[in-house]
Each structure stands twice: as C-alpha cells, then as structure tokens.
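Paired with subunit B in one complex and with subunit C in the other, subunit A is shared by the two complexes that follow.
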Partner chain A sequence: MAFQILINVVIAFSWMFLKNQWAFPDFIIGYFWGLVILFLMRRFLPGRFYFERVLAAGRLFFLFLRELVLANVQVIRDILRPKLKIEPGIFAMPTELKSEWEITLLSLLITLTPGTLVMDISDDNKILYIHAMNIPDADQAVAEIKNTFEKAIMEVTR
Partner chain B sequence: MTETINIFIGIVVLLGSLLSLVTTIGLIRLPDVYTRSHAASKSATLGVLLILVGALLYFWFADNYFSARLVLGIVFVFITAPVAGHLISRAAYYTNVPLWGETVQDDLKTKERPKTKKEVEKRQKVHTEA
Partner chain C sequence: MKVNDLILQTVTTLLSFIIIIFSVYLFFAGHYTPGGGFIGGLMTSAALVLLLLAFDIKTIRKIFPFNFMTVAAAGLLISILTGVAAMFFDVPYLTHTFGYVELPILGETALASTLIFDLGVYLVVVGIAMTIIQTIGESE
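Showing the complex of A and B:
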C-alpha cells in the first residue's frame, strides 16, 4: 500500500515537472491522473488497488461514529432508568484478526460501542474477554456487531 | 445564518455538558468498578468531544479562526479514553476487585494465568519472539 502511494506521489511530481507549474492545485491534478494510471495498471502492482482501502477506512470511520452515538444512547438509558435493570458479565469472544495493530483497533472500537468493554486479551491474541452491561441481549447483537467490525477492519488491512 | 449557527453550537455544547452530567450520575448509581468504567469510557468521551467540537465551531464562525489544536485534542481524547477504561478495569480485575453480586457470567475466570515468576518470564520471552 505504501509503495502504491509512493508511486502516486512520484507521478504527481512528474506531472508538475511536465507542466512546469509548482502550485498545489497542479499537485492535486497530477495525483488524480496518478490514481487513474495506478487503477489501469493494478494487475502489475503488488497487493490491492490502494484507494479501495482508503474508502474502506472511511466507511469504518462512519460505522464507528454511528456506533458511538448508539452506545451513548444506550448508556444514558441504562443510567437514567428509575430502576437499575442491568445484568453485567464477562464473555469470551474468539477473533480472527492476527496482527497487534488490528487487534488494538478492534478493541478500541468494541470499547466505544454499545454496552461492551474489553477487559483482557489472551496471550496468544486469539480471544478477547469482554465485559458487557447486559449479557442476555448482548450475546447475539454483539456477535453481529463484532462481525461487521471485524469484516470492516479486514477490508482495510488485507 | 449566524443565528442558526449560534443555536446549533449552543445545542452541541449543552448536549456535551448534559452527557458529562449523565456520566457523573452513572458513576454514582452503577454498582461496581466495571459498570462504572462503562459510563466513564463512553459518555464522557462523547461529552468532551461535543464540547470541543462546539468550541471549534464557535471560534471558526465568530472569529474566523480554525483551531487545529482542538482537532488534535479531539483525536487524542478519542484514542486515549477507551484505553484508559480498559486499563483501569483490567487492573481492577487482576487485583481481585469483586464483580457485582448479580453478575451473570465470568469467562475471564477460566483464562489461564501464570502463577510463578518463572512462568511470567517465559511468557514474556515467547511474546517478544512472536
């Protein structure tokens, strides 16, 4: 991915050299043509076309913002309800993510989403231990959210 | 135009402070460390975030000044608050702070943990190699 970005920047600079114009807008135009060239040549480059990943990262960001708002609505409901109706507990969730960077990102996202908080990660990085505010409705809904998050992170990293 | 912006900024800042208030109520009402850190790590983050966004928008529209430091502050709060919540609850668990009496499930109990100093060192070694 870094390699493709580097090529793209080099193309943008070649564009500026060809035009002999050194303003920022020319860099943008060159970068755009670089993107087009990279897209056409994607068969010969290692890895996926990198802009797909940038888009995936953007999608992940918006998914995350939405979950953050939902999480807060739920926390407010739990706290301000006249009678406390929570059933907290800790459950284990296996994850397929490998690198420490991905797992850190996943646990940050889990911590900021409805009713869950990462307590610990097993030593072989395969199981996340998560504290949930409401075990009964968490179990299923959370598993679903985890799948969307895990998928979204994988979209970005591989 | 400026009037609507002003109202919008007012709402954002008010929402942020209300969220902080709710967090405080949560800290008082909830029964144990772990559920409290739920409240502290989520609604406090969003509360601070909204107040910072409100300040950013206000100075942008009133003084025509875009403060990049506020943006940096938002990003830092975003990254550090959940980590703090995680570390506090983890430290609490490993110093045997009890879970609430009505806690339903505890899978972390089954996690195998190193008992002796030797095992700890061995694990650390494996970890650095991997």
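Showing the complex of A and C:
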C-alpha cells in the first residue's frame, strides 16, 4: 500500500521533471497518469491496488454519515415518546478485527450508531462490551454491526 | 482494576500530532495574526498533557528524555541573549530589527529577530507548564 503510493508520487515527480513545470496542477496530472499506469500494472505489485482502498474508505465515510443521521433521529424519537420503552443492558460482541486502529474505528462507529455504546474492551482485544438501549434487539444489532461496519473496515484494511 | 485504554491511546496518538502542528502554526503566526510564543507553548504543553493522560509518566519520559526545567532555563537564556545582542549594535537593550532575506527555496522572506525572543518565551512556557504538571503528578 505505502509502496504503491510512493511509486505513484515518484511517477508524478518524474512527470514534472519531464515537463519542466513546477506547479501543483502538473503534479495532479502526473499523479493521475501514475494511477493509470499502476492500474494497468497492478498484477505485478504486491498486495491490492491501493485506489480500491481509497474508494472503500470513501464508502465507509458515507456509511458513517448515514448512521450518524439515523442515530440522532432515533434518539429524538425516544426522547419525544411519552412513555419510555427501553430495556437497557450490556452484551458482549466478539470481533474478528486485529489491529488497534481497526478496533478503535469500529468502537467509535458503534458508539455513533442508534442505541449502542461501547463501554469496554477485553484485555486481549477480542471482545467488545456494548451497552444497548434495547437488549432484546441485541442479537440483531450484533448481526447488523458485523455485516456493515466490520465488513466495511475490512475492505479498507485487508 | 486495570482498564483497557486502547481507544483513548489510539485516538490520542493521532490527535497529538494535529495539536502540535497547530501549536507550531500559532507560534509562527504571532507576528501579523493572533498567536505567538506564549499560546504556542501552551498548546504544545496541552498535547504533551494529553499524551500524559493516555499513557503513563514513564512512557513520556522515555519519548521526551529531557528535563523540562532545563528547557525553561534555556528559553530564558535565549530571550535574554536576544536582548543583549542588540547592545552590540549600539541600540538600547531588547531593540528588535527585521529585514528581507533571500532564502534558497522560499524566495524573499521577512525575518524578524523577535522570532528568536518568541522562541525563548515558547520554551519557557513549555518547560514551566510541563514541570508543574509532572511535579503534581508524581507527588503521592
């Protein structure tokens, strides 16, 4: 990943040297041609083509924005209801993510989703303890988190 | 009772870089816009205090292996020396000057000797703030 970005920057600089123009637009043009060359040569490079990961990160960002809006609508609904219909509780959710960055990202995303809040992480970083507003929906929540956020984060990092 | 500080530590490592670059911006912005040595130093200390909150005092000692009292003293020395340097040019103590210098990459840049004085202020503020925090943190 880092190696591919480095190659891309080197191509962009070579473009600027060849054109003998030192301006930001020329760098962008060189970078674009570098992307095209890297895409054509992606079979020779180690790992995945890095721009796929950039797109996946963009998708994750929009997913995050959508969940943020939904979470706040849900909270408004819960507040304006005359009778509270919540059953709070805490459940454990095993996670397959490994690195610190992945787990932190997942925890922050879970905290911003409707009705769930990460309270603690087990010492071996394998289990997240989540406080839910409606504990009967916990299994459904686990399935949803696994299908959306974990998948999206893995798309970016693996 | 040991808690897993994974989220706090990961977010702190990212945030401290942003806070430190903001403090550097504030330090250099002081001549024409709000900012300067004092607020830049306080902002750097804030980043270090955030690291202290997320990690423990031994880790910070390992990463920044200097005595903060020495930092404060060095800053005071720099500030005094910029004042004394003015007296060699037959102008009163603490007179500051500025000039336009041709630098190799940046082209024509206005350099003021006030910046060196501000660097001294910056070091004094960082040194004193960190000394206070560490002294309070260590006393049981």
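Simple rule for what comes next: the second predicted complex is superposed on the first by the 154 of 158 C-alpha atoms of A that agree within 3 Å, B and C clash if a C-alpha of one lies under 4 Å from a C-alpha of the other, contacts with A are read in each partner's own complex, and residues count from 1 in each chain.
One rule holds in what follows: a residue touches a chain if its C-beta (ideal position, glycine included) is under 8 Å from a C-beta of that chain, and two chains touch if they have at least 3 such contacts.
Everything quoted here is computed from the prediction, not taken from an experiment.
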* Touched partner set for A:Ile79, first subunit B, second subunit C, both or neither -> first
* To do: Classify the contacts of A:Asp120 with the two partner chains as first (subunit B alone), second (subunit C alone), both, or neither.
  => both
* Asked: More subunit A residues touched by subunit B or by subunit C?
  -> B
* So, does A:Glu52 touch the first partner subunit B, the second partner subunit C, both, or neither? -> neither
* Asked: So, does A:Ile103 touch the first partner subunit B, the second partner subunit C, both, or neither?
  -> second
* To do: Considering only touches as defined above, state whether A:Val69 meets subunit B (first), subunit C (second), both or neither.
  => first
* Overlap the subunit B and subunit C contact sets on subunit A and report the shared residues. => 107-108, 118, 120, 122-123
* Taking the complex as given, what residues does subunit A use to touch subunit B? -> 68-69, 71-72, 75-76, 78-80, 84, 86-92, 107-108, 111-112, 115, 117-120, 122-123, 127, 129, 131, 133, 135-136
* **Interfacial residue positions of subunit A with respect to subunit C in the complex** => 100-101, 103-104, 107-108, 118, 120-123, 125
* Which residues, counting only subunit C, touch subunit A once they are in their complex? -> 2-4, 6-7, 9-11
* **subunit B residues touching subunit A - in the complex, by the definition given at the top** => 19, 22, 25-26, 29-32, 34-35, 37-39, 41-43, 45-46, 79, 82-83, 85-86, 89-90, 93, 99-100, 102-108, 110-111, 123, 126-127
